[in-house]
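Naming follows writing order (A, B and C), and every chain is counted from residue 1.
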Amino acid sequence: MIELTGVSCSYAEGEVEVLRDLDLRVGRGDSVALIGPNGCGKSTLLKLLNGLTPARTGRYVFDGEAITPERLRQAPFARRFHQRIGFLFQNSDAQLFCPLVHEEIAFGPRQMGLAEPEVARRVADCLDLLGIAALRDRVPYHLSGGEKRKVALASVLALDPEVLVLDEPMTGLDPRTKQSLRELLVALNAAGKTVLGSTHDFKYVEGLFRTAVVLGADHRVARVGPYQEIIEDERFLRAQNIL
Amino acid sequence: MPELPGWLAGDQRYEPRRGRDAFLDRSILAFLALLARGGALGGAPAGRVRTDPAAKVVAAVVVLLLVSLSRSTVFLAIVGSGLLAFLAGQDGKLIAGVLKAAAAAALFTLAVLLPSALLGRGPAAAMITAKVFLSVAWVRLVAASTGWAAMTDAFKRLGAPDLFILVFDLALKYILLLGEFALTLLYALKLRSVGRSPGRTGSLGGIAGTMFLTSKEMAEELYDAMVCRGFTGDYRPLPRRPPGLREAALGGAVGLLVAAFFLTRRG
Amino acid sequence: MHIPDHYLSPATCAAMGAVMVPVWSVSLRKVRAGLTRSSAPMLGIGAAFSFLIMLFNVPAPGGTTVHAAGGTLVAALLGPWAACLAVSVALLVQALLFGDGGILAFGANCFNMACVIPFVGYFVYRFLQDRCRSERARLFGLGLGAYLAINLAALCAAIEFGIQPAIARDLAGQPLYCPYPLALAIPGMVLPHLLVAGFVEGCFTVSAFAFIRRVSPGSVHPGGTTRIPALYGLLAALAGLCPLGLLATGSGWGEWGVGGIRTALGSGRSLASVPSGMLPGPVLKAPWQDYAVLGLPGWVGYVWSAFAGAACLLVAFKLFGRLKRAGTRA
């Protein structure tokens, strides 16, 4: 489903390298954890997957189609691409920009051009799915961290993406919320959605991820393998400055 | 265990010199006031807004215009009674806020016009003060009973261009977010203002500069978020709610006011 | 510097609003043309930033504080067109939701703070920036731009106030709106800015801008894409302000006709006789007498003449410049 070949990424006109010669293969329905120390380029990689940052070298192929900045400039292609791959930001404040919660969730479906009854149905379903029906008429700015995260996730799910990319989804949440989020992600993955997430919170993502990709401090892929095996390899994780 | 340097491990006796940092305190107060008001403004949920916000805004502008044009104290009295009637239907906290703001504005106007009043233009000064009181009260009433979410909606109905709506909406949201951030910076500055600091304007400049850079990052993140949810540059307007009984009542009231204006016109 | 409602007559408010409408549409057009990835959200956040800058209390000499205006800073950071829009939206939010500054006077407030300040400040800043090498000189240019801009804006506000007694009176001769004439309004508004607020604004603008330049130089508006020579702007402004002359009573000094010169001494005194050299001789008849054109009100002819005169001079200078260059090249 997702194929990265020899991808490098940098900013400040090539001065600072953020990703180096990356190869990545994610199949449809996979659940992949992205692990690495701070500053290894996890967030940049996730942005790249969502078409927000261009790669300096290498190729990015999504479901057989090459994703390039030129193609993304064409509105229909961009819209279709962004509908198929949803991105949950690390900073929920940056992700919520509508005056009311139900408008926030409706934004995506409306951009897709769905009819109002369908939009309303999706909004109601997403509110129920995340358990935030009571927040329907609230102002996103005033919500707590966990509530904001749920609203953001609801607004991403409303697009019905095939791939779900999450940037540190558990940060700043209380244990109860982490638990319910984990259960929801497991359910989504079981329903066939590809899930890719970066995380530090190994305890609360148990049973969610089957594969792990480890990025090293040198901005390259250090290791790819079964999630459980890598998590239990303490010596390796210590060497990578993760533990 | 790290080795602590001597001055950190020992006791210090520091007697600060007297100095004034009024600008810092006033800035902090200004931001606190903003956030308090902003919090209250954002809180009116759409469900509670009963009259079409666009109609309310248009009505307020018409009332303002009539008040400004009028030279009749009778007309001002009519507008005043209308104001009281609307206020009566609101809760106490809102009424207090509206009247306080109006009174403050009126007092300020009085202070500015006092010299002219003493020079013989008393009636004019009094009329302007009364007008200022009424106008500020009306505008605050509309703003407080509408909430900023519905205010954006009002502009959509009134046909403003997409870009403007987007900018206005984001401005409201980020006034609060950036304002909070600025407040934490101001507090940080205050906590470190343990003596007289040269270049105080410089530190404010640094706060302003940091605010700008943060806001730039926020802008880019925000745009990414919108792009990820399918935004490609056009802003689609929300579905309209058909005008109802309340809007008709408001229209009727404004119509009566216009009639009153013409009836009370002096030659 | 925010003008509240009921200080300006509705006619003045409407006129200032009419002036702002083309400015806004041009700004919208320019900004849309240069819309990059993050421009649209940046405008909204720029508006929020402008709004918040106006909340800052900046220390002034004597222990007092002064509110920053920030228009020049925003113009230097985002470019003048974006700054115009951002400050306008900030003022709209202030007027509508926070009740500062009038709603009817919105056009006038936008003209003073979202048009005069960003554009004047920006042009002065760019003018000096293009001609100076050192960083210090450039920062000084920015400070100077901010100082001049805020003073010019104060002058505009003072003029808007000051003409009210002349243009809006009731039957008894009482002023209906701002009762202070130009003679009081101008010194009252301009002096504090000239002496105190202007300097404070300049220093604040420079310190914020220097900080941003040092920390993240790429964040600053590169400029150079929209180059309207400052000269045109200045000429247009001066031409537009001409009609103020109509408000002055009496004729300009030195512009007396033969009859007028007898009473020109003023204070009720008059000359015993007209100097012999000034007695009637050949008289040159100008195409327009006393600026009255085709029966239209005096101010129309005034402004028309101003623009026509300025255009004439510009054409003349440009032709002269071409001739000179051709001469040196030969």
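The rule we apply is simple: a contact is a pair of C-beta atoms (placed from the backbone, for glycine too) under 8 Å apart; a residue touches a chain by one contact, two chains touch by 3 or more.
What you see is a predicted model, and the numbers here were worked out from it, not measured in a lab.
Participant: Need the central chain here, defined by C-alpha centroid distance to the all-chain C-alpha centroid.
Facilitator: B
Participant: Per the contact rule at the top, check every chain pair and give me the one with the most C-beta pairs in contact.
Facilitator: B-C
Participant: For chain B and chain C, let me know how many angstrom lie between their CA-based centres, rounded off.
Facilitator: 27
Participant: Averaging over Cα atoms per chain, report the distance between chain A and chain B in Å.
Facilitator: A distance of 37 Å separates the two centres.
Participant: List the centre-to-centre spacing of chain A and chain C in whole Å, with centres computed as mean CA coordinates.
Facilitator: The computed centroid separation for chain A versus chain C comes out at 51 Å.
Participant: Where in chain B do residues touch two or more of the other chains?
Facilitator: Chain B, residues with two or more chain partners: 148, 169-170, 172-173, 177, 218, 222, 226, 233.
Participant: Can you pull out the residues of chain C that are in contact with at least two other chains?
Facilitator: Residues of chain C never touch two or more of the other chains.
Participant: Residue numbers of chain B touching chain A in their complex, please.
Facilitator: Counting only chain B, the residues touching chain A are 39, 42-43, 45-47, 148-149, 152, 169-170, 172-173, 176-177, 218, 221-222, 224-233, 236, 238-239.
Participant: Any idea which chain B residues touch chain C in the complex?
Facilitator: My answer: residues 20, 22-24, 26-27, 30-31, 34, 37, 41, 57, 60-61, 64-65, 67-69, 71, 101, 105, 109, 113, 116, 121, 123-125, 128, 131-132, 135-136, 139-140, 143, 148, 151, 161, 163-164, 166-175, 177-179, 182, 200-202, 204-206, 208-213, 215-216, 218-220, 222-223, 226, 233, 266-267.
Participant: Which residues of chain C touch chain B in the complex?
Facilitator: Residues in contact with chain B: 4-7, 9-10, 13, 28, 31-32, 35, 37-38, 40-49, 51-53, 55-59, 63-65, 73, 77, 85-86, 89-90, 92-93, 95-99, 102-104, 170-171, 174-177, 179-180, 200, 203-204, 206-212, 215-216, 219.
Participant: Would you mind writing out the residues of chain A in touch with chain B in their complex?
Facilitator: So the residues of chain A touching chain B come out as 47, 50-52, 75, 78-79, 82-83, 86-87, 89, 91, 93-100, 103, 107-108, 110-112, 116, 137-139, 141-142, 155-156, 159.
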